[in-house]
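To start, the structure under review is shown below, and the notes come after it.
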């Protein structure tokens, strides 16, 4: 069986970000997979070395548009430790509201793209319509729908009104109902079940060995969540339960993320009731000087553990800032999950780790040219995978259900 | 579909409920209170201190010599094609001379067409 | 936090290694680069199974390159540990730890690309996310790197 | 041009905030398909290129290739301040600092990211400009 390379990307219609895949296939089976990135690298770490401590927060939030709140909050939390500032509790509450609301919006966005990649476009429109409510909440809370720059070094930049908090509680209940609806849908729809279960399985040992993070690891039974291991900010007090499953396939990843929408909704409701009074931030001078110190700040972004390392040698600018994004840790698990699968599973497995390429412009393994090349645009890949799936539904049903 | 009733109910409920689409250009849509859009700069209040240019993360504000405020004083010029609309300048301006309005129609055929609103 | 336990494990490999804990409960330890692999192996068997990240820092004033290995323990009573290793700036070579932590394949690729530290024994060491046609000695996160890579590559 | 515009979306290394706002414009609330704008799979079927991101060193050649693959008459809309001048990433070592350094651009939508309504504004004004006889593609 001669094997040839299937190239997808780097610029791809359904793939919102530039990422290059090369799959070495023999017939339908994928023998080897390589990911080729670097198309999204802007040199932010070097740029951060030329920004002051305060400005850096607003550059760090542009690492990724979907999890900008996580990057922004993680940077501000780290710099508060560097400058030894204690943000007021109300400011921390507002920052955590932006974290949890962003987890709901990011998971809903992922659910829509995941349904779209496996061919259910109506569900893509349904989920993204529900997501519009989080965008309205963000616009009211922070003044902008995406990249909200809500917190700053020393707390939060805007206060929340009582009316907003009651609206937040109503919307949190709505998100829980929608999460129930999608969970029942995913568990009852035979085509969704057949498409997602036993696809791209990541065993617990592989997840541990490859240091996978976030829902990808939790779906394989690995108890890893920064809010659980090392509760930062106000996560000691909020009601939090870690969600894990054992199967490790795409269905388990979907259910873990849908369940996490409910957990985030519960946290939002709890926070709306227990919001403390007081002011919102401690104002710092724009050219604040920092003592020579090293700090690591870790936050649970929607895709996993996000780590910022600061090194300051005294002065108004950081000496070195290291950003390790969650998607970077989940790239090797893609290759482990996809080898041995079919071409039709490529879109599902790749989307199942919720790759945020803007986050992780760090990984590339260049392929080895063997055999002739064949380029499939992704839209045809989805159409092809739907047809291939219909043809083999009966025989597959036996194998997968 | 083992239990397909609820999905049909959802579809029918969506069918009968009001359309979710906002017919945008024919229906005018206002951004919410506190939206950070086009910059409004009040030249009368400005003292030319340059704190906004110092604090801007995108280096979008340049201080330009301008005698309108006081002879020999410098005035900030906002490059909206570089600005990241974070409103740090408005927050740190001591004389509250900068405000970000709700105007989000920042479209132009050339980069220079999108300008900040300068009020004497 | 069982800092004594961690110190015993490390001192089995290298005597006199002192673990400092900063006021946020993070443990930092400095070891010589020749003992890197054994220390990481001992720590991994102890419970530090998750390698969070590898950070490269260019301390140009003391003419050394510093590499930090951030380790996350499985047991909640062990502190979050960072192992620090320094190598001379003109001879940037370190043993690769991909056999202990497979995920290091990515992190070491990044540190090589950004700082030019060669990891011996790394299965696939190459320029990670900068264009391949970039000349050998250009490593942007070095303090003496000025200018733009875009202008060099795209005429 | 009487037919409806077909769009192709190119992300050249931005933070994907503008990309999800462009995608948002296709979801039920804004629904740009009312104007017949469709997101197509390849640049060969496209009339409008939505370009986001400050063009980093590896995507520059791809962007140029895509621009040449798009059949004439073609129009380019640079969405977001990154696509206009590199925005918040000015000074980073791996970016060109704007899409117009690689291909001619017809319309700019500022904002970081711009609202879907602003993107609809740009497309509608572009349609009006085309019907007004302007043949675009030359940055006219």
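Labels for the chains are A, B, C and D, by order of writing; each one numbers its residues from 1.
What we mean here is this: a residue touches a chain if its C-beta (ideal position, glycine included) is under 8 Å from a C-beta of that chain, and two chains touch if they have at least 3 such contacts.
Bear in mind the structure is a predicted one, so any value in this text is a computation, not a measurement.
Listed by label, the chains that touch subunit A and also subunit C are D. No other pair of chains shares as many C-beta contacts as A-D. Taking each chain's centre as the average of its CA atoms, subunit A and subunit B sit 27 Å apart. Subunit A and subunit D have centres, each the mean of its CA atoms, that are 25 Å apart.
If you average the CA atoms of subunit C and of subunit D, the two centres end up 41 Å from each other. Distance from the subunit B centre to the subunit C centre is 42 Å, each centre being the mean of its Cα atoms. Among the residues of subunit B, those in touch with two or more other chains are 20, 31, 57-58, 84-85. Under the contact definition stated at the top, the residues of subunit C that touch 2 or more other chains are 129-131, 140, 145, 149. Of all residues in subunit A, those touching 2 or more other chains are 38, 41, 43, 46, 58-59, 62, 129, 147, 361, listed in ascending order.
The complete set of chain-chain contacts reads A-B, A-C, A-D, B-D, C-D. Against subunit B, in their complex, subunit A makes its touches with residues 51, 54-59, 62, 129, 136, 139-140, 143-144, 147, 149, 157-158, 181, 184-185, 188-190, 286-287. Interface of subunit D with subunit A (complex): residues 8-21, 23-24, 27-29, 39-42, 53-54, 56, 58-59, 62-63, 66, 88-89, 91-95, 112-113, 115. Of all residues in subunit D, only 56-58, 60-61, 93-96 touch subunit C in the complex they form. The touching residues of subunit B, counted against subunit A in their complex, run 1-4, 6-7, 10, 20, 31-36, 51, 54-58, 84-88, 91-92, 100. Interface of subunit D with subunit B (complex): residues 28-31, 34, 81, 84-88, 90-91, 100, 106-112, 114-115, 117-118, 120-122, 124-125, 129.
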